[in-house]
Amino acid sequence: MFKKVLGLISLAVLMIIAGCSSSESSSEGKASSENKNNVEVEELRIGVPSDVGPLNIYTGNMDWLTDLVYDKLFSPSPYVDEPQPWLAESAEQLDDTTWHVKIRSGIKWHDGEDFTAEDVKFTYEYYRDGPPNRHTHHVSEVPKVDTIEILEDGETLEFKCAYACPSMATITFADLPILPKHIWENVENPRKHTDLAIGTGPFKLTAYEPDQYYQFEANTDYFMGAPTVNKLSMPIIKDSTAMFNALTSGEIDTTTRTVPAELQETLQKTDSMKLASTSPLSIVQFGLNYEMKPFNSEEFRQAISLGIDRESIVSTVLLGQGRAGEKGYPHPDSPWTNPELSTPFNIEEANNMLDDLGYEDSNHDGYRETPEGKELKLDISVSSAEPLYIRTAEMLQTQMKEIGIQFEVKTMDPATYTAAVSEDDFESYVSLIGPHGVADPDQFIMSHRSSYLWTKDLPYPEMDELVSNWMNATTIEERKAISFDMQTLYNEQPTAIALYYPEEIYAYNADVYDQYVESLGFGIINKFSFLPEEAREVSSTTPVQLVE
Amino acid sequence: MSADLLRINSLKKSFYRSPSLQTKVLSDVSFSMKEGEIVGLIGASGAGKSTIGRIISGLETADSGEILFVGNELTKMKAKVRRQLAKDIQMVFQDPYEALSSRMKIHEIVAEPLHILQIEKGNLEQRTQLVKEALRSVNLEPDYYMNRYPHELSGGERQRVGLARAFVCKPKLILADEPTSMLDTSLRLDLIRLMKKMNEQEGTSYLFITHDIALTRDFCDRLIVLKNGEIVETGETLDVIMNPVHPYTKTLIEALFILENHGG
Amino acid sequence: MKHLAKVKNKIGQYILVIFVTLTINFALPRLAPGDPLLYFFGETTINELTAEQKQEALHSLGLGGSLWEQYWTYLKGVFTLDFGTSIKYGVAVTEVLAERIPWTLLLVGTALILSLVIGVSAGAYSAWNRGKKRDLTILTGMLTLESIPGFWIGMMFLSIFAVQLGWFPTFGAVSMVQDGTTWGYIKDVVSHAILPVLTITLATVGSNYLLTRSSMLESLGQDYMTVAEAKGIKKRALVFKHALRNALLPIYTHFTLSVGTLLGGAVVIETVYSYPGIGRLLYESVTARDFPMLQGVFLLVTMGVILANLIADLTYPLFDPRVRNRKEEKGEEITHA
Amino acid sequence: MRKTTKWIGLTGLVLFSAMLIFAIFGPMMIPYDAYKASGPPFQSPNLEHLLGTNDMGQDLLAELAVGARTSLFIGIASAILAVFIGGLIGVLAGYIGGRFETVVLRIIDIVLTLPFLPLMIVVAVYMGAGIFTLVFVITLVMWAGKARQIRAQTLSIKHTGPVLAAKTMGASHFYIFYKHIIPGVVPIFIPQFVTGVNAAILMESSLSFLGMGDPLTKSWGSILFYANSRSAFLTEAWMWWIIPPGVCIVIVVLAFSLMGYYLEERFNPRLGDYSVREKRKKQLVKTKEHHSSKGVLLSVESLTVAYPKSGDYRSVVDDISFAVKNGEVLGIVGESGSGKSTIATAIIQQLKRPAKESGEIYFEGNLVQHFDDEGLRQMRGKEIGYIAQAAMNALNPVIRIDKQLQEAIRAHYQLSAKVMDERVVEVLQKVGLDEKWRFAYPHELSGGMKQRVIIAMALINKPKLVIADEPTTGLDAIVQVEIVQLLRKLQKELGISMIYISHDLPSVLSVTDRLMIMKEGRKVDEGPSVELSKLSTNPYTRVLIDSIPTLYPKKETVEVSR
């Protein structure tokens, strides 16, 4: 009886919801049919594997998604060689520490307010002084922006850095989304700001239902031209199988979840499905706790690196869909990475190094003991939600046995794993690091200061010297050169060993939409894929590479 | 020391469910028994007669009152000491199908009191002897019955096993709670006779709880009639049967009379 | 009245249970390592933060202060039904819950009722025909059903009915785009719900069936059945009025208990079908260490279970007149039979 | 029926043994190490790898065999632990009772609301992911339910005869505990264990599937975890990567379910021995016309009823013949087990299965064995009233008295509610019950009152024959007399025939016209009641008659003061 009542209530609730949403969708329908002029596709459905809230910069990190709503001064990202002005009309470096940026005029926020230089000034100051998020170190630390002034014309801003900042335009300007001052100055606690994001970008966020979907509508007044898609619907589908089920059954048109190697063949057979290959600028790495024995020894770390047969990991775990991490860290496709880097596989040398270090198998159990004669057994921590990395770790375990080092794989739930890694409560781990970590050169410096790759408090004279040289360098070229040296140094004794550079494959239904472009590090689902030809040309995007 | 085997002084007992609701089961019951005496406790269902038995045997505690057993105050005893007295007070239950553990063999069942009271501990032969003796005293051939399970026995045989269990440690007092009510007519007298025999041979006393006055006639020395938790009449068995005083006793007897005379 | 005192005592005990459970719910996620900041900032950024910055961030999320302070805030939140903002979703916890509850009720509620109806009728039918071929056929069928893991059924259904045959959608509770009519919406909701409902039903019907069967057999063997049959009443009345009504008592208890459990227990099925229910919300929140969200879900599930328990306790007398005014507590027999 | 039950149990055992053998010997027989790559990844089945390989190139068959070990271990270990812990706590709670019990019960409530997933994570953090963690968590979740059920069982044992007896013998708690409570509870441990194994195996697979198990240990759940995360459902790999572990789970769980079913059917006394009687087809009813002319209402001719016992059929009623005339009261007397009640149920054709019946029963000259179901239904309650033993269970406990009475009318007559209620009031008055009791439930009545209701129910349609099966057993003397008098009065008033069955000779003598004495299924003596009681020379009859205890020995004549 009780259940029946509940059932009726829930049915009633459903009816009400039905009423509400149906009225909503019908009104939307009318609106969209009115301004259909520039539109190529009415609606595109993109499956996304996770969500990040109502696109508050402070609470979620999914760059390609926030990018749809927000614009940056430069575009597309810090991961390309030369980002181009976007919200900025132009930018010039006056001296080592001063930049002038002129913003475009006539741009409006999604709520109709005018976009002004005030917004830019506000945003940069907010990032610098306010609570930290993933972007803030680009103004508060590397580089450090001291003052921001709006010049008399009201459209030009002057940025003054604390020390030389040659890469402002290529990195900072290309990375920081601009927030609307009129909204954010009233936000009391940015982390509890739950309103839907308002930006200047090509798409307006019209609905967000946690764990269910995002809905975007084209910003037809977009300053780079009206988007080619009128409506973006993004159901959130966590499970990989469910996602590709939806794709094959035609319920979604494409997905940001990349196609696993084992599925490639099946999807390729599906009519109207096209597969595009991209380089995602990410690395799957074998992180070592450089603060503990035996990983505190540079030679030991190097021996480990020499003992890894990256090629066989790629062929087994990825079925060849990726490149072996033999070009070290950071990502070799980034313009900021030294192309000469090399992390070879050489068991003999690894063995010799370990012998020299005094790690010998004194009890003949097949594993080396420490120089003190104690048993040596090391853990590889890995998140239980990442079967691919578990497999990778299992392969590492086998490979390390070849050079006599005993490793044991330890799985834990994702949050426990991340906590363990961030609190240095691990011995080694396998995980993925994305473009922000391995393609943004400033981040490489940050990582060395923050304890990610190294920590400030631990002496590392060679690196410290390079870092201070880097700080003092005033041109991008100079910095690049120093960066290359730092990278060479780093890869000789890596604290995080690059295992492989995954290649990511996107599948999409070409019958519905076939205008995708790749934006380096973002894959094919990025805002430029939905902008008209002119806009794509401005930013350095590349046509998609189809998998045959 | 008094000559009384058992003396009950103003026993009271109620059952509580909540402060507002309590059922009086016994209100101020007093009586006594002499050694070797057989006393019948008569009453209809709900009169409280079983409760008296359960209180004496320690299955329940009284709210107030005294129980003197050979001069020992039972209610104030510690459980451990109280248990020692169990040798002298044994109980026979109403339902022969329920009272014997289906998992134990007959000899185990009969030996259980010995085991519990640690009589002849370690002397297995002596124990077996006692068990056999007890079985014989209830006319069960030990060799045939010892290794059987209760479910292989008829109701009458089971009740005799129950009796043998009570006899085995030669108690002074046996509380027999309607031992015959579940038995067929022909078996009732058998059981009564066995009990009587034990009384004559060993001087065992019985507190015989029943609603069937007819059974008490040749068995009990004295009757106590209980109604709604109060004693309404006591006296020599024949006296009570022949000259009931209390109307309740009269009704009880009349009822039987009617049955006996084929409906009168 | 006597009944009242008992109810009071019972409610008192429940309040204690609720309190302890709430405390466990508070403590449990905090005992696990990791905090919501990791989810918030991501692995790279969190390493760049100083201890003060982390503290500040926690504070701004309402998770600052000592454990006692947090506990106090939590308890206050429980009573005012204000759990704050979900860290993961950046939306008020109550809002997320309000959105999820109808879906869970629709899914689990329908499945529970279906499973009950099917299980009870099959169980009763089977018991009535005990030993016959049809009893054994149903029995083995049900036992087999009960042996299949729910997620496995779900995956198979999804592959066959949604992907291969394309009869049903593969994910979610409702399509994002509607045709605008109420009827269309209902059709859409139903088509999304059919497979998961069926899966939960199949996964739970076995236990309802077995319980009904054995409890039916128990009451079929009772003396009152012989008496009722000897009255010459019709077979239908015999089965439904006499046997089933008695057999339903343990089933009712089982049912009320499973209401609460299933509320938070359909995680796996909801994951398979990407259905936005409470179970999956719990799973997601645990993974993200989204404390405010977790607390909200916990409270909901706990209250569901305890409420179901309480309802079972209090309504049982309606179904069984014997416990309505029993003279004594269980096992305390006053007089002999 | 027993046979099929046995077969079902056996099937379960065979399935389980097969899986056990696979688990024990499988890993030895299969030439591949499940933990080592033995071929290229993602291979479909071939001669080398019968089930293909997984994403690491490990042999799937080898994985399955090793997984069997893990899954069985987790299932059995968790079930043992949960039953053991739950059992101990449940037994203690049930036995000790009082506040301790309340506390335990509330703890169980709390445990049953524990959020499973965070619990799993917390435990995994402190114990590390692994099979022992799984066992621990599953036990932690499962023990409470077991404790609850085992407590209930303990409660029922606590008040049984043997325990009370031991108490009066002065047994210590410890003694009672290990000698009576534990042996009494342990039998239900077995079905609890069986369901526990099932639940644990399913739980393991679900947890592993969600990735919360131990992905490094091969179990059926973790195989499915990898299969799912490596898209096996989307490719044809599901046939060899998903079906086999799923089938393994089903086989083991089913095996335990089947064995559990067998144990339940075999050892749960509460399930009773109910089984449905065959449907009766319509056939021409054989008649004996001459009966009615002689005033014979019922005649039973060489009735034999046998039940199977140890492979053979044993007669409980053996070649019994008798007749009941109109208005006559026949008494059937005998010890319990002499077959008296079987005769009663045979007359109304309600013998429990699998009875074997021969001989003929004529009611009003018609052979009742030839009645179809509807014909029997018409006869029952309308022509023949049945008064069952005054046992506690003869009335349906959840239905109000008036409903139960009305139902008896409605089965045969279509009357308005008002008329029916009047009939109910009337018949209640007739059996000497205040009409207000019709609104009561059976448990609200005393034993004597219940018996009156049952009599009322049997008489409500004014049947021609009433069968009273031990109507006074278990009632105390005063009530017995009242019931006996009532029956006789009603019988005379209504002029009905009656069969009065009892082992209580005095009450029988006072009601019946004729007596039939039975022993072990056979008729040993028959004759008019008074004569029989005084003159019978049959030794068995004499024993019965002589063993009647009398208040007033025959020679004495005492006046009872009224």
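Order of writing sets the labels: A, B, C and D. Residues in every chain begin at 1.
What we mean here is this: a contact is a pair of C-beta atoms (placed from the backbone, for glycine too) under 8 Å apart; a residue touches a chain by one contact, two chains touch by 3 or more.
If you're wondering where the values come from, they're calculated on a predicted model, not measured in any experiment.
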{"item": "Chain labels contacting chain B and also chain C", "value": "D"}
{"item": "Selected interface, A-C versus A-D, where C-beta contact pairs are more numerous", "value": "A-C"}
{"item": "Interchain centroid distance [CA atoms averaged], chain A/chain D, Å", "value": "65"}
{"item": "Distance between the centres, which are taken as Cα means, of chain C and chain A, whole angstrom", "value": "39"}
{"item": "Whole-Å separation of chain centres (CA-atom averages), chain C against chain D", "value": "30"}
{"item": "Distance between chain centroids, defined by C-alpha means - chain A, chain B (Å)", "value": "87"}
{"item": "Residue list for chain B, restricted to those that touch at least two other chains", "value": "45, 95"}
{"item": "Sites on chain C at which at least two other chains make contact", "value": "32-33, 155, 158-159, 163, 271, 286, 337"}
{"item": "Multi-partner residues of chain D (at least 2 other chains)", "value": "121, 125, 228, 233-234, 474"}
{"item": "Touch list for chain D against partner chain B, complex", "value": "160-162, 164-172, 175, 180, 183-184, 335-337, 446-447, 474, 476-482, 484-485, 488, 503-507, 509-511, 529-530, 543-544, 547-552, 558, 560-562"}
{"item": "In the complex with chain C, residue positions of chain D that touch it", "value": "1, 4, 8, 97, 102, 106, 109-110, 112-119, 121-122, 125, 155, 158-159, 198, 202, 205-206, 209-210, 224, 228, 233-234, 238, 242, 246, 249-254, 257-258, 261, 264, 268, 270-276, 345, 348, 350, 373, 377-382, 384-386, 388-389, 391-400, 404, 407-408, 410-412, 441, 443-444, 454, 457-458, 474"}
{"item": "Complex contact set, residues of chain C against chain D", "value": "13, 16-17, 20-21, 24-25, 28-29, 31-33, 127-132, 136, 139-140, 143-144, 146-152, 155, 158-159, 163, 214, 217-218, 220-235, 237, 241-242, 245-246, 249, 257, 260-261, 264-265, 267-268, 271, 282-283, 286, 294, 298, 301-302, 305-306, 309, 319-322, 324-326, 330-331, 333, 337"}
{"item": "Chain D partner contacts - residues on chain B that touch it in the complex", "value": "44-45, 57-59, 82-87, 89-91, 93, 95, 98-101, 103-104, 112-113, 116-117, 154-155, 162, 165, 175, 181, 184-190, 192, 211-215, 217-218, 241-244, 250-263"}
{"item": "Chain A to chain C touching residues, read off their complex", "value": "2-4, 6-7, 9-11, 13-15, 17-19, 21-23, 25-26, 29, 43, 45, 51-54, 56, 59-61, 131-134, 137, 141, 189-194, 208-213, 215, 233, 235-239, 241-243, 245-246, 248-251, 385, 413-416, 418-423, 425, 431, 433-434, 436-437, 443, 446-447, 449-452"}
